[in-house]
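For reference, the structure discussed in these notes is given below.
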Amino acid sequence: MEQLVAAILTMVAGVLVCAAYFWGTNLILDRIFPSKGKFGAVASRNLRIANSIRPWLFLAPALLALTLYLVYPVAQSVWLSLHDRGGQNFVGISNYQWMVNDGEFRQSIFNNFLWLLVVPALSTFFGLIIAALTDRIWWGNIAKTLIFMPMAISFVGAAVIWKFIYDYRAAGTEQIGLLNAIVVAFGGEPQAWITLPFWNNFFLMAILVWIQTGFAMVILSAALRGIPEETIEAAVIDGANGWQIFFKIMVPQIWGTIAVVWTTITILVLKVFDIVLAMTNGQWQSQVLANLMFDWMFRGGGDFGRGASIAVVIMVLVIPIMIWNIRNAAKEAGGR
Amino acid sequence: MNPSTRSPLMCAVHLSVLLLVLLWTMPTAGLLISSLRDKDQLAVSGWWTALATSSRNAVARAPSPESQVERDGKFVISGNVLEGQGGQISAFGFSSREPAKFKPGETAELNDGERLTVQADGSFEIVSDQRMEGSRGQRIFFTASTPPRFTLDNYAEVLSAAGIGRSFLNSLTVAVPSTVIPILIAAFAAYALAWMPFPGRALLLAVVVGLLVVPLQMSLIPLLQLYNGVGAFFGVPAKTYMGIWLAHTGFGLPLAIYLLRNYMAGLPREIMESARVDGASDFEIFVKIVLPLSFPALASFAIFQFLWTWNDLLVALVFLGAGDDELVLTGRLVNLLGSRGGNWEILTASAFITIIVPLIVFFALQRYLVRGLLAGSVKGG
Amino acid sequence: MKRSLLWGAAALALLAGSAGAADLKFKPGEDSKFNWASFEEFKKGHDLKGQTLTIFGPWRGEDEALFKSVYAYFAEATGVEVKYSSSENYEQQIVIDTQAGSPPDVAILPQPGLIADLAAKGLLTPLGDETKQWLLDNYAAGQSWVDLSTYNGKDGQPALYAFPYKIDVKSLVWYVPENFEDAGYEVPKTMEELKALTEQIAEDGEKPWCIGLGSGGATGWPATDWVEDLMLRTQPADVYDKWVKNEIPFTDPAITAALDEFGWFARNDKFVDGGAAAVASTDFRDSPKGLFASPPKCYLHHQASFIPSFFPEGTVVGEDADFFYMPPYESKKELGNPVLGAGTLAMITKDTPAARAFIEFLKTPIAHEVWMAQTSFLTPYKSVNVDVYGNPPLKKQGEILLSATTFRFDGSDLMPGKIGAGAFWTGMVDFVGGKSSADVAAGVQKAWDAIK
């Protein structure tokens, strides 16, 4: 109990320190370059200087944390990827050469591509539909909570849950996996779903879609609620029906948020690892990049060079998404 | 409230939401039901059969010959194969080769001159002319239809595990500050990226997006090395709560900044313009207008960050340690599974125990996501 | 005389330290089966009050409680505060912790391949020649244990880096004696008889074997045990040793023959419960449950000594379920009685007096007997009292271990992690899925070449 009190105190202290930092630096900035009460050139000069410094004050803590916790490890990875398994001897690009020729790596790239196509699209689609539909019914919040629930389950738990769905027993014995039970009930042959090459990818994807729809739904639902009611009311008065309101008025207004959800899930898919590790560990041709990296990094003492080079590939794959986001941000800025 | 509430379209809406909800809750429902079932049944029949009266084949063992009583010159062992669980016997046998050879009420001649009778209610008698020998009781195979049976044993087993209360507190200690600290830092950064023009803004945003993808596993070793260095330099332990809070903050920041920036960028420009005309500074605009308006986004991020830190295992193990005093709830539950992996009955129950706190958080914050708050303040602004 | 003197000392010490002794599972001096003298002697030689010892091991849940009952004696004797930790992903965690410079004092791991890696990176402390000699003198088949514990250090020089403690016997076939009785089957004495029994059960219209390879991320490993057991029964031990070091390629006929021998059992729909298709996807924890079904789904199950934890509740090993030694071939008598095993090895990851003392503690009979007296612990230590074994099955396993003419450690644990805990597992999954033994072997060899 003591530690929890200590944690809460630290938290309050942390929040206060943060607040004090923002408030204090802002105050100091205004003192050094006062613009209120001054006139003419001095005021506008001070205002300009203060305004060029202030963003960096706002950003400083975040940038510090990002640099320490993310940029530094990235640099470290790039460095490691050029070294051997112990990270001591420089080996040039031989890790990358090995990678290109590795069948498992190519398999992973292909699978990751499938994941990227399917999971973000389905999660966002379901999330949007559910967010929109539940907004208009009285038990919407209950429905949302139920659909959100998978988000609250750890990956270990999710793996168990889906085992009860994909489990396979031989034909003729009682199936304890729901999917096979349904198949058998309709007269089909039971299948060991997660061992079917290629198709097993989709069975694993279903799990992530199941989890991430809740995420998409919550974010999109907040965005939908941000739409000013006037625009919808105006459309209703104009005689628009539900579909028209949804697709012509609501969706365009939250387009930015949809893009954000899509991007976030896409990036999450690039990192997907727990599900694959728990369900198949990349066997039966279901390997993905993040799990492959984890494998090389830590299994049997680890090969940091190869693990890091796969990590670098994962990070490189995100570049198109980055460019797209830069363009979007630039467009927004230009539109204003 | 809505003019179209009773239209057929609304019916379709209700129906499709119902369908989606069913689809989404089905797996979890399976988990819940499974967690309440007996551990041996779990592995042999589907969870959806749990509610139905099921027919099952089972083996019971009669009490050992030590418990025999002498009655009318005969030696008798008696008992009930159903052990008070209720149900009906439809067949029985004494050999694994013919487990359903006899109907209830019939008498089976055992190999050694003993006679076995099992009644439909499960009670049985083994009668012999001589005193029975041996240390193990006779096996009795039977087919029984049994009513559904539920048990809280799995939960009792998980909750009674030593140290679980401690781990619960540890998890809270980790998760709460790790949720609150990044929000504040991210909110300021997000505002700067959304509303304060400065050179390189788009590039910085792109970098943040790029950092979203950094695989966590990648950063563990460099960071732990750094922690060890810092710890050695200041003479403090390397694995502390402070360390893990900062680590979660660092790992959570890109998503927080990204989500908040996009939300803030979507706020109506007019409000800020008018405030600026009134002479408000960026700091005031942020604190008095943007922060309250962004509440839904802050709340959603808080939910995600809390879930992620609560369910996290890897970061906690690496930065906090796996000792008895430091173990978080997820770590404790995984340890419960035994050294060779998963016992489903424990997994199912423990998954439900871990889910409770995040759901409470979700319910608590969900109230802030309601329409009135946002719409009202937008109009008021 | 000397003995009674020691007893007197023991009684005295007991009086002195009775407060702490309350937590000990067996009271020192009470049960004469235990070697309490070794405990008292150790206690006299080590006073490390105020120090702490962190141990990182693979044991969780029930096993953790058992190990705790052992190190309680170490704590009692030395005054050291012991902090034990473990984790589901201990393999990754130990790599992270040692690499980042915050290792535990003592690490206990079951994978020699991983230990070799840690040793090569210079993260382990050599245990010295004295310990080496001790193993030679005191462990049955001492040389094979020394070989197992010797690794190349950072300088490339071989040295003793690990101390074997706690062994599992893997060459066991589990069955239900009463089912054998009902059907009139006999426990086979030779591999030929085992195969004949398999065919006979299949002819009777039943399924002989339950085989499950499923193990989440580690799916496939039970099959590697099969192959290793069959390797030891078809090839001399030195072929086995060359195989695990890849001195003969995986594609060698000796190895593909062992694969095919496993295939004879596992790839025949008539021989396995659920048919060959179920083998790869059935969880290894669920598969033994078929032995106890009504009617039985299978009659035989090949698995290591730990498996009773996954039997239905209330199963008494030795009565409701029993095991026999996986027999050797009649036609290959010259290979003797090979035993496949696995075990855990303790090593010093941070050189402290307490860590050194702990290794010394593992050399005392009492450190073995306390665990033996409970459950799931076997030891090759010759000076322990075998009467201490907690139950008859454990004693029987101990006898299998002692009567072994050849003892070999689980080959997949000896291979480099990428193979033994990767390509070999995956290969076996493909093999039961229908891939030919030659293709599987070629695939594993290719993966092995890639890490050389």
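A few notes on this one:
Labels A, B and C are assigned to the chains in the order they are written; within every chain, residues are numbered from 1.
Quick note on the criterion: contacts are C-beta pairs under 8 Å (C-beta built on N, C-alpha and C of every residue); 3 or more make two chains touch, one makes a residue touch a chain.
Bear in mind the structure is a predicted one, so any value in this text is a computation, not a measurement.
Chain contact topology: the protein chains form a complete graph, every chain touching every other one.
Here A-B and B-C were compared by C-beta pairs in contact; the pair with more is A-B. With chains reduced to the mean position of their C-alpha atoms, the one farthest from chain B is C. Annotation: 41 Å between the Cα-based centres of chain A and chain C. Separating the centre of chain A from that of chain B, both taken as means of CA atoms, is a distance of 21 Å. Chain centres here are Cα averages; for chain B and chain C they lie 32 Å apart. Looking at chain C, one finds that residues 89, 96, 99, 216, 218 touch two or more other chains. Among all residues of chain B, those that touch two or more other chains are 43-44, 221, 313, 334, 342. The set of chain A residues touching two or more other chains comprises 294, 297-298.
By the touch criterion stated above, chain C contacts chain B in their complex at residues 54, 56, 58-64, 83-89, 93, 96-97, 99-102, 176, 178-179, 182-183, 215-216, 218, 285-286, 289, 292-296, 306, 309-310, 312-313, 319-320.
Chain C contributes residues 89, 91-92, 95-96, 99, 111, 113-114, 116-118, 120-121, 216-220, 273-275, 277-278, 280-282, 297, 416-418, 420-422, 425-426, 429, 433, 450-451 to its touches with chain A in the complex.
Chain B makes touch with chain A in their complex at residues 2-4, 9-10, 13-14, 16-17, 20-21, 24-28, 30-31, 34, 43-48, 169-170, 172-173, 176-177, 180-181, 184-186, 188-189, 191-193, 196-198, 201-219, 221-223, 226, 241-242, 245-247, 249-251, 253-255, 257-259, 262-263, 265-266, 269, 279, 281-283, 286, 296-297, 300, 303-304, 307, 311, 313, 330, 333-334, 342, 344, 347-348, 350-351, 354-355, 358-359, 362-363, 366, 369-371, 374-375, 378. Residues of chain A that touch chain C in their complex: 86, 98, 102, 159, 168-171, 173, 192, 194-195, 277-281, 283-284, 294-303. Contacts from chain A toward chain B in the complex involve residues 1, 3-4, 6-8, 10-11, 14-15, 18-19, 22-23, 26, 30, 36, 51-52, 54-56, 58-59, 61-63, 65-66, 68-74, 76-77, 126, 129-130, 133-134, 136-137, 140-141, 143-157, 160-165, 174-178, 181, 210, 213, 215, 218-219, 221-223, 225-226, 228-229, 236, 241-242, 256-257, 260, 263-264, 267, 270-271, 273, 290, 293-294, 297-298, 304, 307-308, 311, 314-315, 317-319, 321-323, 325-326, 329-330, 332-333, 336.
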